[in-house]
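Next come two complexes built around chain A: one with chain B, the other with chain C.
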Partner chain A sequence: MSKNQKKKSVSLSAKKARLGWVFVSPFVIGFFLFYLVVIVESIQYSFMEVETLPEGGFITHFVGWSNYEYMTRTLTTFMSGLWATVRDMLYSLPILLLFSLFVAVVLNQKLKGRALFRAIFFVPVILSTGIIAKSDAANNVVSAFATMNTGEMTTVAEEASAAFSINGLMYYIEDMFSFAPWLLEFIETAATNVYEVINQSGVQILIFLAGLQSISPSLYEAAKMEGCSSWESFWKITLPMISPMILVNIIYSIVDCFTRYDNNVMNSIQSMITLTDYGHASAAAWIYFCAIALLVLIIFGIASRFVFYQGKER
Partner chain B sequence: MKKLKLRFSRTERGVKRSYAVDIVMYGLLLLFGIVMVIPFVFAVSNALKPLSEFFYFPPRIRVENPTMDNFKDLFRLMSDSWVPFSRYIFNTVLITVVGTAGHILLSSLCAYALAKHDFPGKNWIFGLIVVSLMFRGEVTTIPSFMIFSGLGLVDSYSSYILPALASTLGLYLMKQFMEQMVPTEILESARMDGAGEFYVFWKMAMPMVKPAWLTLMMLSVQSLWNLGSTSYIRSEELKTLNYALQQILTGGIARSGTAAAAMVLMMVVPIIIFIFSQSNIVETMSTSGMKE
Partner chain C sequence: MMTYNQFKQSHGARILRRGTLKALEYALLIGLSYYILSPLLLKIATSFMAESDLLDSLVVYIPKELTLWNYRRAAEFLNYWESLRNTALISLAAGLLQMLVCSFVGYGLAKFKFKGRGIVIAVVFFSIITPPLTYQPSMYLKFRYFDVFGIIEAVTGSSVNLLDSLWPLLILSVTGFAFKNGLYIFMMMQFFRGFPEELEEAAYVDGYGVFRTFFRIILPNSVPMLITVFTFAFAWQWTDTFYTSMFFSRIKTLSNMLSRGFEGMNVEGHAMALAAGQPLTIALGGTYSLMVIFPLVIVYVFTQRFLTQGIERSGIVG
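The block that comes next holds the complex of A and B.
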């Protein structure tokens, strides 16, 4: 980009810059109004005690770091819940990515009933939002589904996970191969979470699919002319070309995992808000936010070294 | 076996796929597919169950005496609401259509500029947007409400639509696609031929990332269609279908059947749109005419 710019006259680049701002501004204005201002104000609340008045409205007074201290020191369950959430996320992220990439690659082939399969893999996304997740009926369905394996119906994944979570089996494996405990724990958590992982992968599959569909077939044709096997072209073409989508999916998965309603940190923040404890809730949210941001930054830093952008190399 | 093997392209020629690969592929798809589709099948079968079968334990998927009573009940309940029920449907459809179209347009425009233009402040904006991805709106109830009321958006359709327009995940997704899938050369040559910048965006860049914005459309429809009550809306005339159905469902256990019917009703629309959008994805890049 910068090379191109130097070649052209200054006025043109100035014109391009102005156009860039014109294109960006509608979105950015909305973003500033509805997201950024609000986020900044919530920083302020995290340093304040918010009291709602019985006659309506609220008053605030500055309390410094005490909200944060309360969350980190006094309320021990909060920090331990935070760690548990982070650990669970780290365990399920690789499986989630591998699974959704695999399914997306398969669903991108020519097969009979492809549209149907794609729809099936998107169904959990539809099921997990809105009225379905909130209404009592959903609880009926979900709890019924959860109890199903005590009855005659047992889903394959649950059967598999049940087999893996048997403690005896675990110790047996540990004895046999003397695996590192963390590896065993990883495998165990992974196996127990298979069902949730599969159910959370709808959006990721969709994003990967869109990535695969946008890859130019001419690349594969050229590779085949040169005698490239399909296995090689997966590693040399597909993977680099969809690497930006892998990054999107990593970030989406982390954010999705951390902001789910069934996540216990979110639950505790939510309940603080219900009790109109906005000061503590904001502080908790900011601690949580910083933890996520740190994690995302680390993962982003590592992952973006491997991301390949088609346009960038020239 | 004339089928194509692990082809990663969509051209007609490819390595032949063997029976074994076929079996493994369908087998895995079926296995995972069954796991994913069971809750849906269960919801549909619940909607067809008479109340007498509803509470069998363990729950069963097969319905002995399928009935449409639940749907009839639902429509009866819908017909005697305070505000005409069609109003709720109209509201939700309006919000979904306007919100989705606007979101796709604005975020693609912004993503296009961020990916293919150079201007001061670009990286700064993008950084802010990525950071804000991680922050969910629950904790910002008070400041959000103050901003909405300050802008005079309380009790209007805009309070549903405007925040949806600036949803940041879609922007991030579009930016990655624009960066990766749209060759700068094509845009340059179009500009060379005298195409205006908006024309280049609309006629060159957008068709190339069609799978991306169809995905975006799906995500946006999905979230807007299920929008429930918010604290910004007071008038009954402006509330959504989801809200109305939830009010019907507050009847508790006696309304379980009706609730199942409502669930199916709410699910059907996104699924239809999804199937439609997926079957609408045609070869995009193959027609882009890139010669290197």
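The block that comes next holds the complex of A and C.
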């Protein structure tokens, strides 16, 4: 390579680096404009005791690590709730992923009424977040108190889980096959949580569908010409091509498990905020945040090794 | 007589096998659909009931007299049409902006090597992980006394109150910090990383610049992903309470209206106004939430149709 060419390629990569910054600039600006301030403030609060004054406003004074000590040592329910959330998440993650991939593959096929089924599977996306869930919950709580009769949502959930509450069957399985206890517990969680799995997998199904729709049909045609069965092309084409989206769904599912409105730890943090106990709430939020970040980092590290990118090595 | 092996390979057996598979598939899909729709079914049923039916314990799913009274009163009391228009506009703006910005940022992270890229990706992850709840108070204050690094105050003498305008949402959307935008950026980044580079190289050889390539070649080939991001952004803005309750106290949106509910509504024939938890209040609330959900489902079906057409038109990379 001559000197001239080398110089040219260096300036090209420098140019590409600059262009990269141009592309991410909106996000970087947003980071400095909103996120950084918010983060710094929240960290500050976690080291302070915040007292609201009766005439409005509040005073703060520095208390060091005591908020953190309170959350980890004194308030035992917080840490045990945190562990329970982590355990539940680890159990439900594989089930969620398998279920949503399966449904997405089925919905991506040619079948009659596909548009209708897709529309139906979109409904949990609407129902799970935002106002609909809140308005139902509010009405249900009130009516539960008023008539001592649980509202419609819970009734359905109860009915559904009752249909799958299979203690007898579990006992039978335990008797018949000597499965390891963890495997048994795993199966039991899967079976009893069917309703929740369906309701929590809406987003994942849509993400997988988008991934499946992005796979070129010509790949499948070529595989068919070579004599691949559809089972083989699932493992050799669909799975590698969808693997970047599997990673997205893993991360999303973890975060969703931790930040759902019905998560116990989130609720306890929110109630601290409502009680204007900002110091403890911030400390709790940061412990929680670090736990999620650590978990995401570990799982991301493991899962990234298995992801296939069609683009070039970089 | 056919032997079993002959039968297995015969045409009829193949049809039988395929038919059984299809039947299983439909059974599964229909069963799951029932599960998903079951909470809605009762709502749909009660939305057509008159008050006498709601109080009648013999009536569960099929109303004795069909009526649209619930729909009319719900629409009237909570300004349905005005809220629908506002919500549609806000969601459309948020959806389109977030779709564009997130794919833009995601493309930068996927296809360009630059110093600090790892840090930016880490920040994207952090923004996915932090629950919006933790930064609610600071965010509110930020837009109540809005300023860009003190510049606005230096020029005009005071900060700007952006609450009760579209600005907070637009600013958050443009900078990729609106609801779940970290997820969209990550999605687009993952998608673009799996995007074959030959296409871009061919475009560069043809003399296209980076931005022209992005808008003319990359985006048209990413329709399924873009549509999905748009759908999420649109749907979650539509049902959002977090930002709407924080930013719009006077702008009427569907979610604001629904969380206000029907308490205190006066109904003819009632001495007292409606209270929470009463059958009629629940029925009206259910009716209104159906009126919130229904347009969304229609939009979704519409975008799916657009999607299948889009793929045929653009021709896919491979």
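By definition in this document, the second predicted complex is superposed on the first by the 264 of 314 C-alpha atoms of A that agree within 3 Å, B and C clash if a C-alpha of one lies under 4 Å from a C-alpha of the other, contacts with A are read in each partner's own complex, and residues count from 1 in each chain.
What we mean here is this: a residue touches a chain if its C-beta (ideal position, glycine included) is under 8 Å from a C-beta of that chain, and two chains touch if they have at least 3 such contacts.
Nothing here was measured: the structure is a model prediction, and the numbers come from that model.
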Clash or fit (per the criteria above) of chain B with chain C on chain A: clash
Partner chain in contact with A:Val203 - chain B first, chain C second, else both or neither: both
Chain B or chain C, by number of chain A residues touched: B
Partner chain(s) touched by A:Leu294 [first = chain B, second = chain C, both, neither]: neither
First, second, both or neither for A:Val50, with chain B first and chain C second: first
First, second, both or neither for A:Leu275, with chain B first and chain C second: neither
First (chain B), second (chain C), both or neither touched by A:Ser229: first
Which superposed partner A:Ile302 touches (first chain B, second chain C, both, neither): neither
Touching partner for A:Leu98 - first (chain B), second (chain C), both, neither: neither
Residues of chain A contacting chain B in one complex and chain C in the other: 13, 16-21, 23-24, 26-28, 30-31, 33-35, 37-39, 41-42, 103, 106-107, 109, 111, 115, 117-127, 129-132, 134-136, 138, 142, 145, 147, 151-153, 156, 195, 198-199, 203, 206-207, 209-211, 213-214, 216-219, 241, 244-245, 247-248, 251-252, 255, 258-259, 266, 269-270, 273, 278, 282, 285, 289, 292-293, 296, 309-312, 314
Chain C-touching residues of chain A, taken from the complex the two chains share: 13, 16-24, 26-31, 33-35, 37-39, 41-42, 103, 106-107, 109, 111, 115, 117-127, 129-132, 134-136, 138-139, 142-143, 145-147, 151-153, 156, 160, 194-195, 198-199, 203, 206-207, 209-211, 213-214, 216-219, 241, 244-245, 247-248, 251-252, 255, 258-259, 266, 269-270, 273, 278, 282, 285, 289, 292-293, 296, 308-312, 314
Chain A - residues contacting chain B, complex: 1-2, 5, 13, 16-21, 23-24, 26-28, 30-31, 33-39, 41-42, 45, 50, 58, 103, 105-111, 115-127, 129-132, 134-138, 140-142, 144-145, 147-148, 150-153, 155-157, 195, 198-199, 203, 206-207, 209-221, 224, 229-231, 233-234, 237-238, 241, 244-245, 247-248, 251-252, 254-255, 258-259, 266, 269-270, 273, 278, 281-282, 284-285, 289, 292-293, 296, 309-312, 314
Residues on chain B engaged by chain A in the complex (per definition of touch): 3-11, 13-15, 25-26, 28-29, 31-40, 42-43, 46, 57-61, 106-107, 109-110, 112-114, 117-122, 125, 128-144, 146-147, 151, 162-163, 165-166, 168-169, 171-173, 176-177, 179-184, 197, 201, 208-212, 214-215, 218-219, 222-223, 225-228, 242, 245-246, 249, 252-253, 256, 259-260, 262-263, 266-267, 270-271, 274-275, 278-279, 281, 283-286, 288, 290
Of all residues in chain C, those that touch chain A in their complex: 22, 25-26, 28-29, 32-33, 35-40, 42-43, 101, 104-105, 107-117, 120, 123-131, 133-139, 142, 148, 171-172, 174-177, 183, 185-187, 190-197, 210, 222, 224-225, 227-228, 231-232, 235-236, 238-241, 254-255, 258-259, 261, 276-278, 281-282, 285-286, 289, 292-293, 296-297, 300-301, 304-305, 307, 311, 316-318
